[in-house]
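Please find the structures below.
First chain A sits with chain B, and in the next complex the same chain sits with chain C.
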Partner chain A sequence: MKLLRKIGESLLAPALALAFALVVTSAILAAFGANVITVFTQMWDYGSQASAIALILNLMTTYYLSAVAVAIGFKMNLFNIGVNGQYLVGGMVAAAVAGHMSLPGYLAIPITILVAMAVAALWAGIAGWLKVSRGVSEVISTIMLNYIAIGVISYLIVRTNIGEAVAFNVRGTRTIPLSGQMPGFTLPGADTPVYGFIFIAIAVGIGYWFLLNRTRFGFDLRASGMSPSAALASGVNSKKMALYAMLLSGAIAGLVALPDLLGSSHSYTLSFPTGYGFTGIAIALIGRNNPIGIAFGALLWSFLDVSSQQLDLIGVPQEIVTILQGVTVLAVVVAYELVRRNKVKAGQRSVGLALANQEAGA
Partner chain B sequence: MTNATDALTLTGIWKRFPGVVANSNVNLTVRSGAVHAIVGENGAGKSTLMKILYGMQKPDDGTISISGETVIFNSPSDAIDHGVGMVHQHFMLAENFTVLENIILGSEPKQGLRLDLGAARLRLEDLARRYSLQVPFDSFVSDLGVGDRQRIEILKVLYRGAQILILDEPTAVLVPQEVDELFAALRDLRAEGITIIFISHKLDEVLEIADEITVMRAGTTVASIDPKSQSVTAGQLAELMVGSELPSPTTSGNTVRPEVVLAAANLTVANRDGKHVVDGVSFTIHSGEILGIAGVEGNGQAEIVDALLGVVPTSGNLSFLTEEISQWPTRKRREHGMAFIPEDRSRQGLLLDAPLWENRMLGHQSVAPNGGGFLIDPHGAKTDTERIVREYDVRTPSIEVSASALSGGNQQKLIVGREMSGEPKLLIAAHPTRGVDVGAQAAIWDHLRNARAAGLAVLLISADLDELIGLSDTIAVLLRGKFVATVDPHNVTPAILGSAMTGAGVSA
Partner chain C sequence: MRKLNLPRILLLVSGGILLLSLARLLAHTDDLTSTGTMSAAFGAAVPIGLAGLAGLWSERAGVVNIGLEGMMILGTFGAGWVGWQYGAWAALGIAIVFGAIGGLLLAIATVTFGVDQIVAGTAINILGLGLTQFLAKLLFTTAPGGGATQSPPIFGTLPHFTLSAIADPLTTVQNKNWFLVSDIAGIISGFFYQLSILTVITAALFGLTKWILWHTAFGLRLRSAGENPWAAESLGVKVNSYKYLAVTISGALSGLAGAYLAIVATGVYRGGQTAGRGFIGLATMIFGNWMPGGTAAGATIFGYIDTLQLRDDANIRGLVLFGAILILLISVYLFRSGRRNSGFAFGLFAIVMGTAFLVSKSFPPEVAQVAPYLTTLVVLATAAQRLRPPSADGIPYRKGESH
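Right after this comes the complex of A and B.
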């Protein structure tokens, strides 16, 4: 009963926000003369087919990892805007290493994963080090590192022998041999497989929860986020903490490239998708940095992304979904703040009432 | 009953907050040109009443009338339009502005589009002369002391045309000599026909300055006293305030043991500009001893605390239980038995959005019962939080509520309980009873006394001189980062201590 209420409370804000976003989007659709009902039923019909579900799960895996990476920073008020650059660098190096490995899968895949995590962590560590040693805001440095990452990667792939021709007129890292690719599974009736990496994403979610709620590191991290001054007095070394949080966030960011890389593209080319880091920020916001909340956020986002591809066919610009996503994020942020304030008041009220009753009883 | 000589009348004021009735049926009449004191302990509803009076909050019920005319304040600017001005306990001044700029901020005199500083200066100089409130108009506020800042706040309100001045705990931040200056200024203001509402819980001061006294208790006005015609003592007032007898901070017997728990030698802390805010301070605290530090706020107390905790770079030697700890990180110091009751509990002592049991872990997250190595132990922490709630009488329906839901006194009891857990060797207690009600205060004093008897070494910093004198075994006086005197609490009065705090020297 208590648990049900708790779940209900935590779903209230996103549900309200989503409803609000749907109303706004509907209004915009109606203003463009589209049939609102048709649009949403089309999206639902397309998005609920088996093939689309596979695409949604694959995209969700990537989004989930990206959002967890961002959330680790958010938990201590660190804004890692650089998940983008971190996964690109980590993914590129891991792809190059994996392309040259001729080991059995049970060795090759873990090594690829570790390389991606380590390289991305180091890339994030630059921002972490700048922050603690020079006081550089991680917002600025991670954004800058995103650009540097893209430049460095382009250079390495185009100008050095890390890149080779993987298809006509396409340069990329050497294609990962079959043994180093990650097998997936196929949903009944679908023609695209679901990435095996989804299980790693689930493990990351559980690990994230465990780290935050059951380890001293997680407590220190959350304490630093809630009150840096109280954390300091409690013995948290805020500089060390910021550096570790940045490294950890970067390490998880390193995983973001891998579902695509190990599951479908098998080579890092210059057309490797680049926007996942920013989507991760939006999803971490929607999910309130909570492992379950992020899963819902990632599901919603990838459903919208995939099903929106259907919209052009019925003459509705698929950018409408971008509006829906944007409004959802804004509405979620507002709704959570309202619910939070309400909760603080309710808490004070319930304490007041309980004490009044105690006193009356005494 | 409103008549022409009443500056202000409140009738049947009610204000309810969720779960709390802050004001119930408050009736108050303030005579024009009088100093009217409102006394009551923390939580008696004084602050809420004042917020209603200057338009910060609207009463749920009841009327306010100014000079016989019923008014409704929707905002502080409505109040100031009716001549009601507020001087807050915590000053609201821009540090990097000059005094003049601070005073005119928000009601700047303009000539066309140009700021007319000349006109403002003339008017202010006149005001300052008339009410003997001299302040250096061209100095930056950051260079000024507390007394000057308070005069600036008063001038700010007068400049806006206030005829009724509300002073919220104006003496809380002042040393006795500054209090005398303030009172002289208040008498001048009164002579000029300004009505003053004076909120305080320092009763001897109230008796010294007030023409009328209203006592509040549990949200309502319980007595009006005319100290000129009725003779009333501070003790009687106090009993009216709490509805029973007052506790007093006294310790008995000497529990000081020979072992030295903490020895600081030549402790120095520099601020960002390189200025020594703690300047070569040396002291020792023995097991079972309470060392009190007296001083006007901002003379280095906070930095001494930071230095002991190891959160600021420090030079000098610090030995704790025979080990040199000046290079130890904060966590290691705390794990070895350094307990800490912070000055500002919401800033340093609590995670307001976290449940009580997580707050139990704060500062103790690396030791039993909250954890050991890598993991934390929520179950152990919850069980121990239940114990603290029981033993320290923390009034809460559950340990799952967030710390922000508790009243200040209960938050403080939770902190005291937490810090007394796990056999601490040294307790750094900064203003341990600030902002808590009388009941909680007495309980906290009991805990300190018991811990002292059991051999705890305590560094006590307090602005409440009675508390300091009553509890300490030794008192060191801190001025501009240095110890300027050491006094024996058994033969010192608050007045002597106050004079030592301002650098006037110890005459005893």
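Right after this comes the complex of A and C.
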């Protein structure tokens, strides 16, 4: 009963926020003369087909990893806007390495994954080092590093022999040989396979939960995130924790490019999607950095993104879901804040009541 | 840090120009300080500077504004939407209003609801992008000359003029390619060549901001909301009202920055035309230590480097040499002031850049593409401890709460 109530409480704020966002979006749709019911039915009809579900699961895998990377930073009070640059750099280098490897899959895939994690962690480590040793805000340094990453990658692909022609007029890293690609599985009735990387994302989620809740490192991390001075008093070096958190966040960010890379594109080209990091921020926020909450958020986001793809056919711009997502993020944080204030107030009231009773008794 | 007074600033600026002139002669890149380059550089600096100024207003009142980009996007869209129907001046007005609405939204979220400011700003970036893409598809696809991501051309332009009395003789001097003299001539004539009224307004806004925030009682109260809102409230300052006002002004300035991009720089609204300038503006503000003068200087440097890559590949070679000499000088300075490790790092960096200059005949444009961001990182790495943001910047404030 207590557990049920706890779940209900934690779902209340996001549910309210989503409802509010739906109302706002419906109002916008109605204002432009669109039939709101048709829009949402169309989304549901398309989004519940087997092929669309495969796409949703694939996108969800990517979003989930990105959001976990951001969440690790948040737990330490670090705002890693740089997941974008980190996964691009990590993904590009890993793709280049994987393209030149002719090893059996059970060796090639783990090596690719480790390379992506290591490179992305190093890239994040620059921001971590600047923060810890030079006092540079990670918000600004990671924004700068995002732009630098894009410049460096475009240089390497366009002007060095890391890039080669992978299709007509398209330069990218050498196509990953069949042995280095990651097999997926096909849902009944679907024509696109689900990435095998989804299992790694699940493992990352479990690992993230375990690390935070069942290890000393996780405890130290959360402690220094909540109060650096209190953590210091109990012997935790919060600077060191900040650096570790940044490295870990970067390492997970390195995984973000891999579902697409190992599952479908097999080559890093300049048209590789660049916005996953920012999506991860939004999802980490609505999932409250909780591994299960993030999974729900990632599912919601990927469902909206995929199911809206056909909206243009009925004359409604698919960007309506971006509005829906933006309003949801804003509404969710407001809702959480209101719930928190209410809790504080209720707490104060109960303490006041108890004190008053005590005095009356004495 | 020794205080930056007027003589010191003038010394720094003239030192910079001297170095630039030297780099121009040694690298044989006469376009480095030509009238055309400087004119384009000042143009590129305007939207960045306005975004930086927008960030400054907000953060001086204690609200971090990561949503600058989203508010700029709202501005570009508003300008395109109204501009093709009612002309450039109406476009300017509506861009400011749209930006201000974005700012107001941030104020509601952060001041009234006390939400984490960076989170709220991120949400506004998503919202600004989604809303404009949605509306652009609905409103511009069927419009004459428009498309799903582009508005019809804005009709009419804002006035721009060339002060020939100043620009023409100076351009002649500039074309002689004399050491130092031609460079100074190029910079000055560049400012007065094809000068947009918005550039003048932007310069005035920087002056006005400095005066309002640092020389009026209103400004003192506004800044007190960013430094110590608890003390300010106890002295009767309506902290939340000041925050609301500052963040809304911040939005309006972002909208103006968007208006420049849509009306002056391109003449249309185009999806993605802000290209991260809101974030760069944020960087210039930090680069400028949350001060108008520093922000303006930062924006000019960013605009300048941004322009160089678009004009002539040879420019980049000159820029690399300029950077190498500059970093070498910083290294010497660091050594002399006893900071050996930093001095060594900078010296190494200078040698690498100098060697690159000597070895390569040309540099890829990517060098100039990443240069502004790399510069910001280096500046932050060396000067972060000396920068001083407003003390209560980013901290949610609730009326009546003590600290």
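We adopt the following convention: the second predicted complex is superposed on the first by the 343 of 362 C-alpha atoms of A that agree within 3 Å, B and C clash if a C-alpha of one lies under 4 Å from a C-alpha of the other, contacts with A are read in each partner's own complex, and residues count from 1 in each chain.
In this section, contacts are C-beta pairs under 8 Å (C-beta built on N, C-alpha and C of every residue); 3 or more make two chains touch, one makes a residue touch a chain.
None of the values given here were measured: they were computed from a predicted structure.
Chemist: State whether A:155 touches chain B only (first), chain C only (second), both chains, or neither.
Modeler: A:155: touches chain C, not chain B.
Chemist: Looking at A:5, would you say it contacts chain B, chain C, both, or neither? Reply first, second, both or neither.
Modeler: neither
Chemist: Based on the superposed arrangement, let me know which partner A:323 touches: chain B (first), chain C (second), both, or neither?
Modeler: A:323 sits against chain C, while chain B stays out of touch.
Chemist: So in the superposed three-chain picture, is A:147 touching just chain B, just chain C, both, or none of them (first/second/both/neither)?
Modeler: Touch partner of A:147: chain C, not chain B.
Chemist: For the complex, give me every residue of chain A touching chain B.
Modeler: 213-220, 222-223, 226-227, 229-230, 232-237, 344-356, 358
Chemist: Quick check: in the complex, which residue numbers of chain B touch chain A?
Modeler: Chain B reaches chain A through residues 17-20, 309, 311, 329-335, 340, 342, 347-354, 358, 361-366, 371, 373-376, 378, 395-398, 401-402, 404-406.
Chemist: Across the complex, what residues on chain A touch chain C?
Modeler: Residues 28, 32, 79, 130, 134-137, 139-141, 143-145, 147-148, 151-152, 154-155, 159, 278, 281-282, 285, 312, 317, 319-327, 329-330, 333-334, 337-338.
Chemist: Which residues of chain C touch chain A in the complex?
Modeler: These residues of chain C touch chain A: 66, 105, 109, 113-116, 118-120, 122-131, 133-134, 137-138, 276, 279, 282-283, 286, 364, 366, 369-370, 373-374, 376-377, 380-382, 384-385.
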